[in-house]
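Here come two complexes built around subunit A, the first alongside subunit B, the second alongside subunit C.
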Partner chain A sequence: MIPKSGNRFSDKIMRKENSDEAPPRGALAARYVDFRDSIKRDHLLWVVLALGPIFALFCIIRVYPILETIRLSFYRYHPTQRNRPFVGLDNYWRLLEDDSFRTALTNTLQFCVMAVIITLTLAFLVAVLLRSIEKAAPVYELLLYIPVVTPWVPASVIWKWIFDPIHGILNYGLSFLGIPKLAWLQDEHVIIYAIVLVSVWKMLGYFVVVYGVGLRNIPDELLEAAELDGATAWQRLIYIVIPMMKPIILFTVIIATIIFFNVFAPVYVLTASAQGAPAYDFKVVIGEIYQNAFVFYRMGYAGAQSVALLIFVLMLVMIQFALFRDRRGRADV
Partner chain B sequence: MLRRLLIAAACLLLSVQLGAAQNTVKGKISIWLGYPETLEAFKLGQVEFRKKYPNVEVEILTFELREFEAKLAVSVPAGSGPDILALHDFIFPRYYEGGNLAEMPADLAKDVNDPKIIDPVFRDVLTRDGKPWGMPWWSGRNGLFYNIDHLKAAGLDGPPKTYAEVWQYAEKLTQKNEKGELTRAGISLRLTGPSGGTQKFGYFYYQLAGEQMFEPGKKPGTVRVTIAQHIDAAARVLLDHVEHLHGPKKSDDWALKHDAQGFASGAAAMFMRESWVIPFVKKNGPDIKFGVVPVPHDKAWGAFNNLEILSVNKDSKLQAAAWDFIRILQDQAIVNNVLEGSGWVPIRHDRDYGAVLAKEPRFAEMTTPPAGLTLYIEAPNVAYEEMTTRVGEVIQNAFRDASLVGNLDGAKKVMMKAHETAVKILKDNGNYSE
Partner chain C sequence: MFKERPIVIIAYVVCTVMAVLAVTPFFWVLMTALKPDPEINAWPPHILPIAPTLEHFHRILGEENFLRYILNSLIIALCSMTAILFSSSLAGFIFAKYKFPGRGVLFAIILATAIIPLEVYIIPLYLMVFGVRMMNSYLALVFPFVIMTFGVFFMRQVIMSIPDELLEAARIDGANEFWIYVRVVLALSKSGLMALGVFAFSEAWANFIWPLVVVTSKDMYTTELGLATYQRQFFIEYGPISAGAVISILPMLIVFALLRRHIMKGIATSGLRG
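Showing the complex of A and B:
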């Protein structure tokens, strides 16, 4: 006899649990029981069988290329040359004196800092504002999310037209404010802002949605109690919302850092087709790796650059973890 | 009489046998192209080829140039590349040195070695150990393109003939608006895209220095860097660029549309490029009245050429058929199609391009170089892309430096840096020549 609680959902669960104990009838049921028992008995085997193919695939398409890249970084490897000697750490020493790589690293770092700060600050502000118009928020989130699902290449091509110094709509719009024409993609000092602008536009919606989820999980009672105690909106933001959002903020900072540090497609598209519409050759780390690997065919050196990038991003993430640690000394995630 | 009849019968039998042999050949020939504008010519060749080899399928794929180069670099050494390798001169050494090229049949090699058919400058690029390893097919030859209306409006009778006149004409042809912003370049210079930029900078350098910045070295595949030797010429060319990008002589700006697009849209009065520009401007700027002349000279007079080479993959299972396809591509109708359709210049002297020239006389400047004009070609080497890219970065960064205006010593320092950059890369790749 199953006692009824009055709650239809919990009653259903209880009936299901109870039915697990009762011996099922028929051949099919018997097979099911055997199967269930074998899972309980050989749990590890079933886990391996279930995850094995996924893990194998992961090893083939993720782990193996990483290990192979590390191996290549110790060789002078040109795909069309038969002689591929082991060069030890030469490729890494070369990194230290490579002006192009240094420029690319500096550019990428500057771009990444700007893009992360602007994107996340804007996303947080928009998410907070959207929380005050709860009913209309999904519509705005959807609108902001459209650029996220737009592939980088067509998005960058559209922005290339917008940035055109003579025929572009951006300069045309700015001219009404009395701002002189800017060579967005041609001026070596301006191009970084153009790329930041495109990147912020592209990724803002994603982080608005993430922050939106985080904000919705803050209990209303907390905010109402603070309001009753006389806390201003600013105080509620600083002392309740931001501390409660710390794990989400850490997540977004890490994800944004990884995304923006790997910037390539917008830079490539915005500065490509240099013959007709010239653009400044803005170097980024992934662009340098691409050029060394697939234009100069210095696969070994490109491998060393990739390993250096991996280490650099890992260090950045570790620094971010350290900065966001709570007072008890553990990562607040 | 009987003897002659017997010989004729034997010849007939042999040709029938050969035809039968071709009919029995089965399989597939694959061709990859990085210059899709020549696809039409390959399709014409395909039709003729299928008549000879009805059982051989021909697959022709076109790719964006960089993608094409990357696919070749990965697939050919692995033994899975196309049967016919349409190689540009600067990627040719990769495949020769990689041992990926099949030996050339004697009849085609004889054509390559005949100076009446192929200019020796092209033969030398693809000859190793005394043997040619491919059939040079077409070249991109540069010239100076000028807008007839712009010149007329500026009171200029004709295009510039000397290096110095180029810059004087550029200043006269430049147009500015009331704010002083350039609305038309007197000459569209190559300001971005470092590898191509090095090449275009070299168009000027050659006329002043009398040789290229990177000349073939003592051994095939090696390179001699000449910038330090001609440092005055190199600095002069750099200064002329800088002074026409900044200050009162300013004749070009990064914000303007450039190259063939700029010229076809009327945003540039002059620029230097290869013959493919002729069909491009006719298509994209039908209202533009333009002419083309050989590049203006200084102490030397030389025209840059790049070269398309047809070779056969050593791993091809149908090498004989692939060479036959290359033979077919030498047909008059097909080389005419290359010239007319793509604007690239077929280089065989034993073909008559009159039919195309009657329709488009401007090609004559490219197909029939005037006496005294030297044809030169870059020194192919495995480090070509890296060297020209890095040198181009040095030069194009200097274009942006207004402090170099009137600063000859500064310009010399920049060009010495370009020299050292090239030497370092060549040494690193083991193909530097003193």
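Showing the complex of A and C:
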């Protein structure tokens, strides 16, 4: 991120003007003149006027809330009560003993691992296969992208009816394969697969397109040369394509993990009772934060849960940075 | 990439199956929305409705007030999109084309928060809205979505590709910086603005947890919230619910169909998510 001087023309003009002024005495004065000119040249007033309000807004709705969440986690905080005592690490100790948070964490991690692995494996497979049918690929990518632009709530509503244990078309379809009717949303062991299914269906297209971009950047000559040397398709995939895709695969693993770890809307929709049949109450991390903060108004405690989530996300980002550091030098980011 | 005949055949088969699976739920929800009640619960299910009807659409738009929810969602999404396009392009322009003290630090601060999801800091946002008694208003619904960290980064990338000579030529012609922003920078980054616009619109439209938290009365429901709440009722009817889902997906699909080329390009250049 080296600042790039954008004004070759004005540089020249300014230098000419400078030479008309009295010659600067000493190095300090010269530096002052340079500094003053560089500001004039780069329109400091305009920069402040344009960026100032945006950055202030950014501080109010991003930076401050993030810091305030951390502060809240050390207090017992109810929005309508005056008494908001500082409780130190109590909220965090409570977090460790909270059974429903532990369940939520286990559920979310299980869900996340399954969803990430299935989505990315399928997406990679489809993206590689699409490169063999280059002409038809845009049509397939478009069709696969439709679920991505569908918001989570209607997506989950659609699937809820498909999952219906009595009238659902999924059970109807499975009956042809001889699989007995499953209570997709009512059985505590099955509901996680239902949510994984919806999530994979929703996000697959995005990762197919991302992988597609990476795959198109692999030079054809490389693969053709390997083919001439007698490499099979499998060997080309393992020794050329996958190694070259490694940075993109790492990137998608991080992104997908963050997306799926924040699962909430599909859980909210799918775990609501349907037609009098109560669905299993599948707990997830965001659901716990939501309940504690906005149903029970335990905002300090919910703050501690949010900080746990924040730490998790930051850890992932740091892993990504660590793995990418050698590439960063070349990439323009 | 792999031109061997069996692989090409496998590719067609696998990709077709995936594409069919991707669109089948949409087909099914549309069929359900068009079926009269007795047909919806028929077993075995009919694929196509025997006596298609629009009664569920009437019901959801009229009695259930979905028209109002859609209007709310539209207002919020359009306001958010406009604000994000303006703030991202202006900030992106400044970061891309000007040198000033602290530039690296400011940009790093903005970038650092890009990956942190809204759910992490939703409590203080709520407390701010609560503190100024703004609950249940459009302003409250829009306000977390008036800037997008990723948008600043994205527009900076787009604007960096505009040659400096063009800006300089405008300056020599006597244009001031704001004029350059409007007439040169915005005009030359239309494709990027469209991709970001679609993304911003869909983010605001699709968000669920924020309206869930700040909306307290039915007349301020967004489409997402209306749909999620409606299907939570003890006894739900899938006809109207499916009609509601169709209605709430439709705007996104139309926008996507119209601007798909820009969106795909946006993903290609920067991993923009839609």
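The rule is simple: the second predicted complex is superposed on the first by the 258 of 333 C-alpha atoms of A that agree within 3 Å, B and C clash if a C-alpha of one lies under 4 Å from a C-alpha of the other, contacts with A are read in each partner's own complex, and residues count from 1 in each chain.
Everything below uses one rule, namely that a residue touches a chain if its C-beta (ideal position, glycine included) is under 8 Å from a C-beta of that chain, and two chains touch if they have at least 3 such contacts.
These numbers were taken from a predicted model, which means no experiment stands behind them.
Enquirer: So, does A:183 touch the first partner subunit B, the second partner subunit C, both, or neither?
Expert: The first partner, subunit B, only.
Enquirer: By the touch definition at the top of the document, which applies to A:309: first (subunit B), second (subunit C), both, or neither?
Expert: Second partner only.
Enquirer: Would you check which partner chain A:69 touches, where first means subunit B only, second means subunit C only, and both and neither mean what they say?
Expert: In the superposition, A:69 touches subunit C alone.
Enquirer: Looking at A:222, would you say it contacts subunit B, subunit C, both, or neither? Reply first, second, both or neither.
Expert: neither
Enquirer: Quick one: is A:294 in contact with subunit B, with subunit C, with both, or with neither? Answer first, second, both or neither.
Expert: both
Enquirer: Would you check which partner chain A:79 touches, where first means subunit B only, second means subunit C only, and both and neither mean what they say?
Expert: Both partners.
Enquirer: Residues of subunit A touched: more by subunit B or subunit C?
Expert: When the residues of subunit A touched by each partner are counted, C comes out ahead.
Enquirer: Have a look at where A:128 lands relative to subunit B and subunit C in the superposition and call it first, second, both or neither.
Expert: In the superposition, A:128 contacts subunit C only.
Enquirer: By the touch definition above, which subunit A residues appear in both interfaces, subunit B in one complex and subunit C in the other?
Expert: On subunit A, the overlap between the subunit B and subunit C contacts is residues 79, 166, 274-276, 294.
Enquirer: Could you please specify the touching residues of subunit B with respect to subunit A in the complex?
Expert: 66, 70, 73-74, 76-77, 94-95, 97-100, 181, 191-194, 196, 254-262, 382-383, 385-386, 389-390, 393, 396, 400
Enquirer: Within their complex, state which residues of subunit C touch subunit A.
Expert: 1-4, 7-8, 10-12, 14-16, 18-19, 21-23, 25-26, 28-29, 32, 40-41, 43-45, 87, 90-91, 93-94, 97-100, 103-104, 106-110, 113, 115-117, 119-128, 130, 143-144, 146-147, 149, 164-165, 167-168, 171-172, 176-178, 181, 202, 205-206, 208-209, 212-213, 224, 227-228, 231-232, 234-236, 238, 241-242, 244-245, 248-249, 252-253, 255-256, 260, 264, 267-268, 271, 273-274
Enquirer: Which part of subunit A faces subunit B closely enough to touch in the complex?
Expert: It comes out as residues 78-82, 100, 165-166, 181, 183, 186-188, 271, 274-281, 291, 294-298.
Enquirer: Please name which positions on subunit A make contact with subunit C in the complex.
Expert: It comes out as residues 1, 3-10, 38-39, 42-44, 46-47, 50-51, 54-55, 57-58, 61-66, 68-69, 72, 79, 122, 125-126, 128-133, 136, 140-155, 157-162, 164, 166-167, 169, 172, 201, 204-206, 209-210, 213, 215, 218, 220, 223, 233, 236-237, 241, 251, 255, 258, 262, 264-265, 268-269, 272-276, 286, 289-290, 293-294, 299, 302-303, 306, 309-310, 313-314, 317.
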